[in-house]
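The following blocks contain the structures, represented as structure tokens.
The same subunit A turns up in both complexes below, where it pairs with subunit B and then with subunit C.
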Partner chain A sequence: MVEKIISKFFDIRDSHTIEVYEQHGGYQTIQKVLKKMKPQDVVDEVTKSNLRGLGGAGFPAGRKWSFIPKDNPKPKYLVVNADESEPGTFKDRYVMDHYTHGLLEGMMIAGYAIGANLAFIYIRGEYVRQAERLLEQIEAARNSGYLGKGIFGSKFDFDIVVHRGAGAYICGEETALLESLEGKKGWPRMKPPFPAVEGAFGCPTIVNNVETIAYVPTIMERGGEWFAGIGSEQNGGMRLFGVSGHVEKPGLYELPLGTPLREIIYEHAGGIRNGKKLKAVVPGGSSSPILTQDEIDVKMDYESLAAIGSMLGSAGVIVMDDDTDIVRALHVVMRFYHHESCGQCTPCREGTGWAENIIQRILNDEGETSDLDNLVRIAENIMGNTICPLGDAAALPLRSYVTKFRGDFEARVSKGRKEAA
Partner chain B sequence: MAEITIDGLRLEVERGTTVIQAADQLGIEIPRYCYHPGLSIVGQCRICLVEIERMPKLQVACHTPATDGMVVHTNSDKVLEARRAVLEFLLVNHPLDCPVCDQAGECWLQNYYMQHGQHDSQVVVDKVKKHKAQPIGPNVMLDSERCILCTRCVRFCDEVTATHELGIFNRGDHSELAPYPGVELANNYSGNTVDICPVGALTDRDFRFKTRVWYLNETPSICPGCSTGCNIVIHHNDERTYKADGARVARLKPRYNAEVNQWWMCDTGRYGFDFVDAESRLLRPRKRLGSELEILSWRKAMQAVAMAISETVRKYGPDSVAVVLSPQMANEDLFLGRELFSNLIGLANLAFEVPKLEPEEGDALLMTADRNPNSKGGWLLGLPHHHEVSLATLLQVAREKEVRGLYICHHDLGQAVADKELEAAFSQLDFLIFQGSNSNMVSEKADYVLPSTTFAERDGTFTSHAGRVQRFCQAVAPLGDSKPDWLIFKSLAKALGHAMPYFEAEDVFAALADEEAAFAGLDYGSIGESGAQLSPGAETKTPAKTKERESFF
Partner chain C sequence: MSVAFSKRALQKCEQIIEQYPQKQAAMLPVLHLAEKEFGHISLEVEQYVAGLLEVPPVKVHEVVTFYTLFPRERRGKYHFQVCRGLSCDLLGCNNIMRHLKKKLRVKVGGTSKNRRYTLSEVECLGACETSPMMQLNDDYYGKLTTSAVDKIVKGLK
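The block that comes next holds the complex of A and B.
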């Protein structure tokens, strides 16, 4: 059993305070980094660790950091994406609740690496307690000289601003997040330019997920190679798998990347609730294509899931037993994306509502077989044709639920027809 | 430079050129809704998706820069399918109320559906309901259900006028265009939002339901509203004027000219065409005898006016008749007016501009304070710049009977001088002649009224304040017996015994270009549809011959 990194703090009383964090070795790494390392060394170490972006896209963190232009005289910013809104995902909340200073220390190291003297935490509006905790602990860090001018007696200035969102899913998309941070409507930007070149307030900006940054202190403490050695190929270290749904023990499980899905469900999460049989699993938050019970021998890393047409995403594992009405499950998903589509570009704005309406019609027993083809067609016409990934996030589950569980949908449609007759 | 291949055609383009711009240069039409060359790029509508070799996904042509060696396909199966899909999405919540929509016939949902869609509707669900027919400003009506959220109008108000009236509110398929709370779309360029709206969301309150657009014909012209000379198109209804209470000119639309107005025009100019079909139009030459009005034929009118002028000049000398030409008149009119009154009759007093009681204001965009289309043209022909004294002097010499006959073209002197003062001066005159298109306080007092055509009913040229000579063309027939000003001058010259060899405005311009250095080498062909910029050096004036004599002005 591999030693836990973040989740070991979940069981420690008052682990969110500076005192307790420091009793467990906190804030040693940042001091070592500030004294002994150049920013580029930090980037190299993180690159070596194979740390991936744990918000969902899985982009290698070290490589992202290296995109910050060296010759740009503008200020650089670090933005931590704490807008955790993907259904089935609840890891960042725990990180902020229990590993508060681990996140802050990770931000200091990341800020030092990319040359940012100011960082923002963009936190979803519903995370009231977490925002309050962050504000309180950032103030404590500032009072201790850990934030502000010349942190830890070094020449590096660093401070953190907490910005609360207003509850839009789209603001978890990094460029919409930046728009919202700037006080504008949360509409994703066209790329390029990418945020590393032109991000917050027109300045080079790195946007990283909470969990990604939270692993940085340990990587810098134990070394990139050590971290890379834990996960699977190109997938460094561990991550917090959030298991929800019809399992005996739902919760967060910090496990090496590459842990088989079957092991997560049956060993760590205690198997299917009430001795029922597994029907389907959503492996990485609601956007990831659904898997059938036959597909759970997959390794939970980015490449392995991509190979079977799904994705690791936010590692929010949603387990459905065989009592689950898959049509209703898809309706819940599509109602969410319909509600959360920002409306900026056509396919997502119109397609999500259309799809939800069709599924509603099927649930009303008014469906036609042609509706199923239309659902797949709508998904395929959204996919890849939108400004931001929300389109794909809606289209992928739509297509996968209907194609993988076509039988369930057809049964529902023909039931409707029989009753009408 | 980058060499790009689009649908097999190669083109060298400058760095930074986008695929849609390169395609436009090649004459390959890529459909677009949100893209507009005068606005920032947002990539929102997704109808311009194209296939680019070595890129896995389709790319929006509006936001993708052309790079060297790039190979683009705008008509592959994948592109056509995506385009059809975007259209289908756009129509999911569209009310499809074309039969009662004023945009029908010039709607890009209709056009692209015919070109690229033509699918049967699969949409059986209820559509999202939004606000209908809301007036959002004095000139613009919004139908939110028809809006495809391309944000062109929002960007126009943010980027061109910087007045920021409009925004997109709410989210997803409930997104709605609207003015900000408590704000009206009342900037003086609001009509442009209707032009750039690709669908029936924004319609023109002045134009709505007057006629179907397919009944309209189009004629290139120049806005006569100020000295900028915005290039426009007159949309005129030639056969179904009963649909608009007899109005033939239905609307003015801006016409692209990179050097002048780009894609835009101001509302003052856009909605300032009412006078063309107004009841106040002067339709027949006429003579006043006390309170009686007598309609004259042109022949009789010209004889009478010629007689009045020549008798007065014979009795009291060439200083006794004064003529006020107008910067509303075309170069051709001013040239022949100068020829007739200065050179042939030898009048000393030829005025041109009359300042208004309250000067107009211009803006930083297109509209100038000089609300005349051709002041510059007059100056280049040596007509005097105005100074406030001129009109006062004129009235004074009239009162004192030094001037006994006054010939006023177009000016509504009621806008420049108090009525009482005018009447005091007019009452002393032997004759007052008014030549113009619409009645005003001068025409009401005039002994002779000579009806001229409006800019929409004739050919001619204006010279903009920037020294650009631009042609306007006849869109509709002259109303009643009205004639172009130059033709009236030609007739009057004939009645005075001088034949002028001009049959078309173009002939007059040719003579003008021969005589006037500033216009040397120009003709209607070389001016073309986009105008000809006079070189700054060529703008030296030929002094009018009147200057050799003593003038009141």
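The block that comes next holds the complex of A and C.
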């Protein structure tokens, strides 16, 4: 059994306070980094660790940091993406609740590495209690000299602003997030320029997910090689797998990347509820293509899931038992994307609505056999035709539910036709 | 202009603005503050916030109408937001919603006449391990059953 990194703090009383965090070795690493390391050394160590972007895209974190231009005189910013809204995902909430100072220490190290003196935590508006906790603990860190001018007696200035979102899923997309941070509606930007060159307020900016940053202190303490050795190839370390839906023990499980999905569902989450059988699994938040019961021996890392046409995404595993109405489940998913499409690109704005309406029609017993091909066609016309990945995030489940569970959809359509006749 | 922040809120507003490299960046936090102060964001409030941030009122309107957390009408004292995300749907959130509608005698999206309750249906709130769940004002309540809901409603002042 690999030792837990973040989740070991979940069961410690008052683990969110400075005192308890320091009793468990907290804030030692940042001091060592500030004293003994150059920013580039930190970037190199994180690159070595194979830490991936754990918000969902999986981009190597060290490489992202290395894109900050060296000769740009503008201020640099670090932005932590805490706009956790991908259905099936709840890990960042736990990190902020229980590993509060771990996140702050990770931000200090990341800020030092990229040369940022100011950082923002963009937290979803509904996480009121987590925002309060962050504000209170940031204040405590400031009072201890851990934030502000010359942190820990060094020459490095660093401070953190907590910025609450206001209920828009799209703001989890990093350029929409930056627009929102600047006080605008959350419309994604065209790339390039990438945020590392022109991000917040026109300045070089790194946007990282909460969980990604939370692993940084341990990586710097134990070394990049150690972290890389835990996961699978190109997927360093562990991550927080969230399991929800029809399982006996829904919850958050911190396991090495590459842990088989079957083990997560049956060993850690206790298997399917009420002795039922498995029908389908969404492996990485609602945007990831659905898997059938025959596909769960896949290793949960970015490359293994891509190889079978799905994705690890946010590692939010949603389990469906064999009584699940797949047509209804897809309706719930498409209603979500239609509701959350920002409306900037026509294929996404219109396509998600058409899909929702067609599935609703099928549920109302008014479906046609041709609807199924139309749903797939809508998905394929959204894919790749939008500014940001929300379009793909809607199209991927749409196509995969209809293709992999075509029998369920056909049965529903013909049942509806019989009832209408 | 008839709406204005209290002295304390105005002070808070200035502190918020100071945190950012640009004034307009304070838009979301100042609107959150305004919602606390005024209960909802009316057109008058939008104009007032525009003045504070030195932007045209349309920039504020654009933001208020884009996001879901800035109510444009007064809500009840207790705002029930039932999650309808995929995990909650799998575990029967529609039963919870049906029960709440009957219990509070409010339609989805509606507010009771005495302004005690507002009932909303919302997208995933990020607490799927506790499905079915809801947010009641600032707090999350998970593993809901109809009897758990009854207890929560009974406990309200």
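Keep in mind that, in the parts below, the second predicted complex is superposed on the first by the 421 of 421 C-alpha atoms of A that agree within 3 Å, B and C clash if a C-alpha of one lies under 4 Å from a C-alpha of the other, contacts with A are read in each partner's own complex, and residues count from 1 in each chain.
By definition in this document, a contact is a pair of C-beta atoms (placed from the backbone, for glycine too) under 8 Å apart; a residue touches a chain by one contact, two chains touch by 3 or more.
As the structure is a computational prediction, the values presented were derived from the model and not from experiment.
A.B. asks: Is A:Ala168 touching anything from subunit B or subunit C once the two structures are fitted on A? First, second, both or neither.
C.D. replies: Both partners, subunit B and subunit C.
A.B. asks: Once the shared chain is lined up, is A:Ser370 touching subunit B (first), subunit C (second), both, or neither of them?
C.D. replies: In the superposition, A:Ser370 contacts subunit B only.
A.B. asks: Considering only touches as defined above, state whether A:Met190 meets subunit B (first), subunit C (second), both or neither.
C.D. replies: The first partner, subunit B, only.
A.B. asks: With both complexes overlaid on chain A, does A:Pro75 touch subunit B (first), subunit C (second), both or neither?
C.D. replies: Second partner only, subunit C.
A.B. asks: Once the structures are superposed on A, label A:Asn385 by its partner contacts, choosing first (subunit B), second (subunit C), both or neither.
C.D. replies: Only subunit B is touched by A:Asn385; subunit C is not.
A.B. asks: So which one touches more of the residues on subunit A, subunit B or subunit C?
C.D. replies: With both complexes superposed on chain A, more residues of subunit A are touched by C.
A.B. asks: Classify the contacts of A:Ser314 with the two partner chains as first (subunit B alone), second (subunit C alone), both, or neither.
C.D. replies: After superposition on chain A, A:Ser314 lies in contact with neither partner.
A.B. asks: For A:His339, is the partner it touches subunit B (first), subunit C (second), both, or none of the two (neither)?
C.D. replies: In the superposed model, A:His339 contacts both subunit B and subunit C.
A.B. asks: By the touch definition at the top of the document, which applies to A:Asn208: first (subunit B), second (subunit C), both, or neither?
C.D. replies: In the superposition, A:Asn208 contacts neither subunit B nor subunit C.
A.B. asks: Would you mind listing the overlap between the subunit B footprint and the subunit C footprint on subunit A?
C.D. replies: 168, 185, 339-340, 342
A.B. asks: Give the list of subunit C residues in touch with subunit A in this complex.
C.D. replies: Spelled out, the residues of subunit C in touch with subunit A are 19-22, 24-29, 31-32, 53, 55, 59, 62-63, 66-70, 84-87, 89-91, 122-131, 135, 138-140.
A.B. asks: Can you list the subunit B residues touching subunit A in their complex?
C.D. replies: It is residues 41-47, 49, 57-58, 63, 81-82, 85-86, 88-90, 92-93, 122-126, 128, 148-149, 167-168, 170-175 of subunit B that touch subunit A.
A.B. asks: Would you tell me which residues of subunit A are touching subunit B in their complex?
C.D. replies: 168, 170, 185, 190, 338-347, 349-354, 357-358, 361, 370, 374, 377, 381, 384-387
A.B. asks: Quick one: which bits of subunit A touch subunit C in the complex? Just the residue numbers, please.
C.D. replies: Per the touch definition, subunit A meets subunit C at residues 75, 84-90, 92-93, 118, 124-129, 161, 163-169, 180-186, 201, 242-246, 250-252, 282, 286, 316, 318, 320, 324, 328-329, 332-333, 335-336, 339-340, 342.
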